[in-house]
Amino acid sequence: MSSSFGTLFKVTTFGESHGRGVGAVVDGCPAGLALSPQEIQAQLDRRRPGQSSLTTPRREQDEIEILSGLEEGLTLGTPIALLVYNRNQRPGDYGAMSEIPRPSHADYTYRMKYGRMSRSGGGRASARETLARVAAGAVAEKFLRERFGIEIVAWVSRVGEITAEIDEECVNRELVDREAIRCPEPQAAARMTALVEEVKAARDSIGGIVTCICRQVPAGWGEPVFDKLEAKLAQAMLSLPAARGFAVGSGFAAAAMRGSAHNDPFVAGPDRTLKTSANRSGGIQGGISNGMPIRFEVAFKPAPTIGLPQETVDYDGRPVTLEGKGRHDPCVLPRAVPVVEAMAALVLADLALRQNAARCD
Amino acid sequence: MSSSFGTLFKVTTFGESHGRGVGAVVDGCPAGLALSPQEIQAQLDRRRPGQSSLTTPRREQDEIEILSGLEEGLTLGTPIALLVYNRNQRPGDYGAMSEIPRPSHADYTYRMKYGRMSRSGGGRASARETLARVAAGAVAEKFLRERFGIEIVAWVSRVGEITAEIDEECVNRELVDREAIRCPEPQAAARMTALVEEVKAARDSIGGIVTCICRQVPAGWGEPVFDKLEAKLAQAMLSLPAARGFAVGSGFAAAAMRGSAHNDPFVAGPDRTLKTSANRSGGIQGGISNGMPIRFEVAFKPAPTIGLPQETVDYDGRPVTLEGKGRHDPCVLPRAVPVVEAMAALVLADLALRQNAARCD
Amino acid sequence: MSSSFGTLFKVTTFGESHGRGVGAVVDGCPAGLALSPQEIQAQLDRRRPGQSSLTTPRREQDEIEILSGLEEGLTLGTPIALLVYNRNQRPGDYGAMSEIPRPSHADYTYRMKYGRMSRSGGGRASARETLARVAAGAVAEKFLRERFGIEIVAWVSRVGEITAEIDEECVNRELVDREAIRCPEPQAAARMTALVEEVKAARDSIGGIVTCICRQVPAGWGEPVFDKLEAKLAQAMLSLPAARGFAVGSGFAAAAMRGSAHNDPFVAGPDRTLKTSANRSGGIQGGISNGMPIRFEVAFKPAPTIGLPQETVDYDGRPVTLEGKGRHDPCVLPRAVPVVEAMAALVLADLALRQNAARCD
Amino acid sequence: MSSSFGTLFKVTTFGESHGRGVGAVVDGCPAGLALSPQEIQAQLDRRRPGQSSLTTPRREQDEIEILSGLEEGLTLGTPIALLVYNRNQRPGDYGAMSEIPRPSHADYTYRMKYGRMSRSGGGRASARETLARVAAGAVAEKFLRERFGIEIVAWVSRVGEITAEIDEECVNRELVDREAIRCPEPQAAARMTALVEEVKAARDSIGGIVTCICRQVPAGWGEPVFDKLEAKLAQAMLSLPAARGFAVGSGFAAAAMRGSAHNDPFVAGPDRTLKTSANRSGGIQGGISNGMPIRFEVAFKPAPTIGLPQETVDYDGRPVTLEGKGRHDPCVLPRAVPVVEAMAALVLADLALRQNAARCD
C-alpha cells in the first residue's frame, strides 16, 4: 500500500468502501489558515453520488468531520484528520460476485497482490476512496487560493464521441455546475446528457475526458528532474480509478507538430516578467510553471461495472455469465470533476511549499 | 531539485550538460546480481547522439564508469555509482543565447525558480541528463530480466502524422534497431525517415509517439492508491524532457468507448492463474499488474531547438529575432526509445521490491 | 510537521491533547494478520493515566476504534486507521498559563515555529500524542510476534538515583507489570515507589531510565548507512516527549573501554549461524542485527510540569511566578514503558519489510 | 541499503573503502551559494588518516572533485556531486581475514544481510564512508554559516576515563585543532594523548565522547513529532560507525534530576524573544530549537580492529586466534570530530529548509 502523497504538504488516506468510514490525514498544511468544515463539505457534495439522474442512485450523506488540526477556525500547523463515516453499507449487493472476478475491476489483481480480498466490494479500489482525496484537496485548495490567489477549474470536455468547445479563459465552477453533466457548453452538455441517459437505459457505461485549468500559479513551481510539475500531475491523475491517459498543454497533438509551430514565443508581461503569446506548453516549461495557466486533460475509461451480462470465468477458470446488480454510475465523469480538482490542488500545494523552502533570503 | 526516484530501488542523478560529467547513484539494487559495464554501455550507445544522419551530429563518446557497488562482476547490495565524463563541451554554442530565453525551453523557468541560470546550455533540463537515467535503467533492467524474465521493448510508433501498425506480440529490440528511426515496421519507417530528413533540411523539428511493452511482469505489482503502477509510469514518463502525454492500455481512445466493449473478459490461464482475452487494460487493473503485457504510450513534442528564426523577446521584454546555432536533433524520438525503456525498468524494479517486501511468509 | 514514521511499515499520527481525538493510520501492514481491538487496547491500558497512585489522577478511558483495514479479524493489507476520542477535556486547567510559556515545555518553541499556539494545552507536544504510537505499535508488535516470534520487553531500570539490577535473560512483561512502577526487581521497585511518592508530595517530578530488550530478531535487519538499526531506534526514542538520551549495548560505558575488552568474540550458534559470547554490541554490528538480543536504554528527564512555583517570564519578558494547577505525573517512567516498546516495534517492523524486499529469490 | 539522508537538503553517499572511490550527491542545496573545493577540502583534511602519530599511519590524499552543481563558484540549485578517488588500496591487508568474521565488526552481519560480503575490507561499514559525509556536510555548513550565521564546533571531551572541563561558550575550531587529540583543554589533552599512545603501544584501542555545540540556530527548527530536532540528530549520530550513545542537553544526568532543578526558566532576550537562564534543554524544547545553543554528546566505542590476538571462530564455527595486521586507529575520536560536525550540519540544513517551507507569507 502507498496511501500517502506529497513531500511537505502530505495526505494519507484510509478506508474501504464498505467499512466503517473513509478519511484522510493532511500533514504539513501551514498554520494560521482559516478553514471550515463547510468549505470541505461543498466539494464533497459535488462528488457525492445521487446528485442527479446521471449518477448512481445510491445516496451517501458523506458528512465531513474534522478531528484535529484546527482551533477557533484556524489551522494549527498540525495534522488535519478528516473522517466521513459510511452510512449506506449494502455489502450484499457484492456478495454474489465474490467467487467471480469482475472484468476490468481490481478483484483479481488485489487477490494476486494481497493473497486475499475484501469480500465487501472493492475495498480501496472503489471510487469511494476518492472522497478522502476531495476532502484533503479542499484544504489544499483553500491554502492555494488564500495565499496565492490560485483558481482551479475542471470540467467534462468529452463524453463518448461528443466533444465540447469551451472558452477556457472564462470558464469557472459556477458555469460548470449549471449542468448536471458538468460541461459548461450548453449544447454539448445536452448531447452528452442524452448519451449518458441512453447508455444508462442500455445498462452500459461510457468514458470521457475531464479538462482542468489552474490559474495564477506563480512561475517557478515544480522540482526537476523527477518531480516536474507535469510528472506529479500525471502521477496524481493516473492514480485515479478509471484514468487511462494524461496530457499537458498540446498533449498528444504535439506528436504531429513541428517545432516552429509548437514553440510558444515570449512577450513582455507585467512587472518585468515574461508571458508567452500561445500556451501550447500548458503553463509548464522544463517541468517548472512559467506563470501561464496550467492546462491538462485526463481520459477516463467507461466504468467497468455494467448491468449487461458478461461472459467471463470464475477464480477457478470455469466459464460463467456475470450480471451486475449493484447501483453504479453510467458515466463517472461529472463526479470525477471535483476529484481532478482535488488532486491538482494537492500537487500544487506540495510544490508551493517545496519552492518556498529554497527561498532562504 | 528532486533528483531521486524510487522508494527501494532508488536512483539519484546528477550533472549538467556542459559541466564535468553526468551520472547516477543506484541504491537498493539487491546483492549478487551479475552486472558489467558493457551491459550498461549497450543501452547508452542506443541513446548516444550522432548515431545516424537522423540525430544531432554532435558525437559524444559517453563511456560509462562504475565507481562502486560491484565486486568481481557481482553487485554488493551497496550503492552503484555510475559516471560519464563530458568530453564534447562547446558552451560557446549557447553563450550567445544567454540573454534571450529560448521559446519553449526551460531557460526562463529555471531563472524564475533558482534566481539564476546555468550559462552553459540548459543544465539539468538538457536531454543529456537522460543519459544517467539510461545507465541506471540498464541496472534495473538486468535485475528484472535475470530474476523475473521480464522483457521491455519500446519503439517509435508515430512521427508527425505517420503512424506505424506493429505486431506487438513479436516486436523486439533487434527488430526495432534495424532502422535508425527505431520503428520496426519498414514501410512506416521509410516514410518517417523521409519526413525527418525533410524537417531537418527545413531547420525545423517534429514530434511523435513512443510505445512500450513490458512482458512477463508478474501479477501483483503496483501500490494502491497513490503509487499505482500506471501512476508511477505516468510520473516517470512525464518527467522526460519534451514528454507531453501518457496513455496506458486503451488510453484516450477509452474516452469514446462503452463498458461492454472496453471490459477485458477473463479466461483460464496457466497454473491456476487467469488471463484476459483482450488487453484494453494494458496489463493493469486497480493499479496492479494482472500478468498481461504492460502497454503504454508517451507523446513527445517537437524539440524546441530549431534553426529557423523565431520572433520572441529577451529577458527585458525587448523584441528579438532568435536564430539557433547549436547542433540538435530534428526528431528526438529514436533516441527517446532507450530512455523510455530505462524509466519503465526503474518503475518496475522499485515496485518489484515493494511487492516482495510484504511477502513475509 | 512530520507526523509519519517508517518507509514501508508506515505510521501517521494525528490529534491534539484537548481536541476531539487522537489516532494513527498504519499503512503497509501485510495482509492476513489476525488482529483484534483487544490486543491494541491491552497496550493502551498500560499507557493510560490513572492506573495507580504513581501517575496522574486524570482518568482517560482511551477506547480504541479500528476504522479500516480489517475484515473478519484479518488485516486486508490496506491502511489501518485507529482512533481514540478524547473524553476528559478540561482545557481550563491550562487556560491560565496561556500568556506564560511554561519552562522546559514546548509552548515557546511552538509559538516561534507556527506563529501561533494551541490554547488548549500543548497540542502535539503533549504526552497524549504517544497514545497513537502505542496503538500503532501494538499492530507492529503483533506482526513481529506472529511472523518472527519476536518478543519486546521494556522496564524502568532507574528512577532518580535508584538503579535496579535485573536478570535480563528472564525479564518479561508479567514480571514488569507486577509493580506499578514497572521495575521487575522488587526491592528496587519499592525504593523507586517511595521516591516517586516523596516527589509527588513535594509537588515536584523526577526523571529515570527505561531499558528495552528485543529477543528473536533475525540477523540481517537494519539498512546501512543512514538507517542503521540503532540509528532508527535512536530517532524513534528521541522523538518521545522528555527523552534526553539513547544508548545501545554498552552505551556511554563504551567510552571508557578498550577494544580488547569491548569486542564480542564469536562462538558457534545453532543451524550454522554464529553467536557472540558477550553482547556489548547490543545485538547490532555495522547497523545490522546479528541475531543476539537487541538492547538499548532511553533516559527521560523529569516532567517539566510541576506544582512548585517557578520564577520565569511571560511572552513579553515580564517576570512572573508560575504555579502549576494541572494534574500531571510525578514520574512518567512507568507509562513510558509501553511507549518505548511501541516505538521499538515500529522500527523493527519497518526494517523487517525492508530486509524482506531485497530477498528476490 | 539506505544511503540517503534528508528530506529537502538531501545527501546520498556511495563507495566502498577499497573500491574506486567514495563520494556523495547533495541535492536540494539552494542556488546562489558561494562554494569552493577548498572549503570542502579543509574539513576532509581534518578527517584524513595519518594526520598525527595518534591516528592510523595510512596516508590517504582524499582530494575532493566537484563534478556538478557549481558554475563560476556559485551553486546552481542542482545536485552537487562530490567524488574522492581511492588511491591507497591495499586489499591484501584484509584478505587473510576473509574467512574469519572480525569480532564486533560488520563482517558477519553484512554476510547475513546481503548473502555475500565485500572481500575488500569492510565495504560500506568502513570509516572511509564517513569521508563522503564530511564532504556533503561542508556544503551544508557553508549554507548554514552564510545564510544564518550558524557556527558548529565539536571536540573530544572524553577518552577512556579522562574527561575534559571546557569553557563551552568560548570553544572554537582553532582551539580544538591546537592539539592533535582535538581536546581544547590542554591538560586533559596531554593526558588523553598519553593514554592513546599507551593504548597504541599495547596494540589495543580506546573509546571516548565527542561533544558538539551549534550556535546561532534560530528558534523554530525541528519537525514534530517524528522528526524532532533531537530525533534527527540522534539518528544522524547513531548512524556513525562505532557510535553507541547520544545525549542532548542534560542527557543521562537528567534521569537523576527533579523537575524543579531541571527546568530552564525563561528570561527576556533581545528583540522581543525569550532566552533561558540555564540550558539543560540543550537548545531544544518539544523537538524544536529555542534559540539557545544546541548541545549534544556522542559516545564512541573503542575501534574493534586491534593488534592483540583474539579468540573467536571462523564462519564454520571453528575456533581460531585472530591477529590483526591492518593499519588502524588506536582512537577514532580526533577524526570523528569533523564527522560529527558534518552530520549536525546536514540535520540543521534540512530542518532549515523544512521550516522555511511553511513560511508562505
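Chains: A, B, C and D, in written order; residue numbering restarts at 1 for each.
Everything below uses one rule, namely that a contact is a pair of C-beta atoms (placed from the backbone, for glycine too) under 8 Å apart; a residue touches a chain by one contact, two chains touch by 3 or more.
The shown structure was predicted, so the numbers you read here are calculated from the model rather than taken from an experiment.
For chain pairs C-D and A-C, the one joined by more C-beta pairs in contact is C-D.
Chain centres were defined as the mean of their Cα atoms; on that basis the chain farthest from chain B turns out to be C.
Centroids of chain A and chain C (each the mean of its C-alpha atoms) stand 39 Å apart. Centre-to-centre separation between chain B and chain C, using Cα means, comes to 46 Å.
Chain C and chain D have Cα centroids separated by 26 Å.
Chain contacts: chain A has residues 1-4, 7, 13, 28, 31, 77-78, 113-114, 124, 224, 354, 358 touching two or more partner chains.
Put simply, chain A touches chain B in their complex at residues 1-5, 7, 13, 101, 103-106, 108-110, 112-114, 124-125, 129, 158-161, 199, 204-209, 219-228, 230-239, 241, 243-252, 254-260, 262-269, 272-274, 276, 280-282, 284-291, 299-306, 308, 310-313, 315-318, 354-355, 358. Residue ranges on chain D touching chain B, taken from their complex, read 1-4, 10, 12-16, 19-23, 25, 27-28, 31-32, 65-72, 74, 76-81, 83, 113-116, 118-120, 123-124. Looking at the complex, you find that chain C touches chain B at residues 7-8, 28, 30-31, 77-78, 143, 147, 224, 352-354, 356-360.
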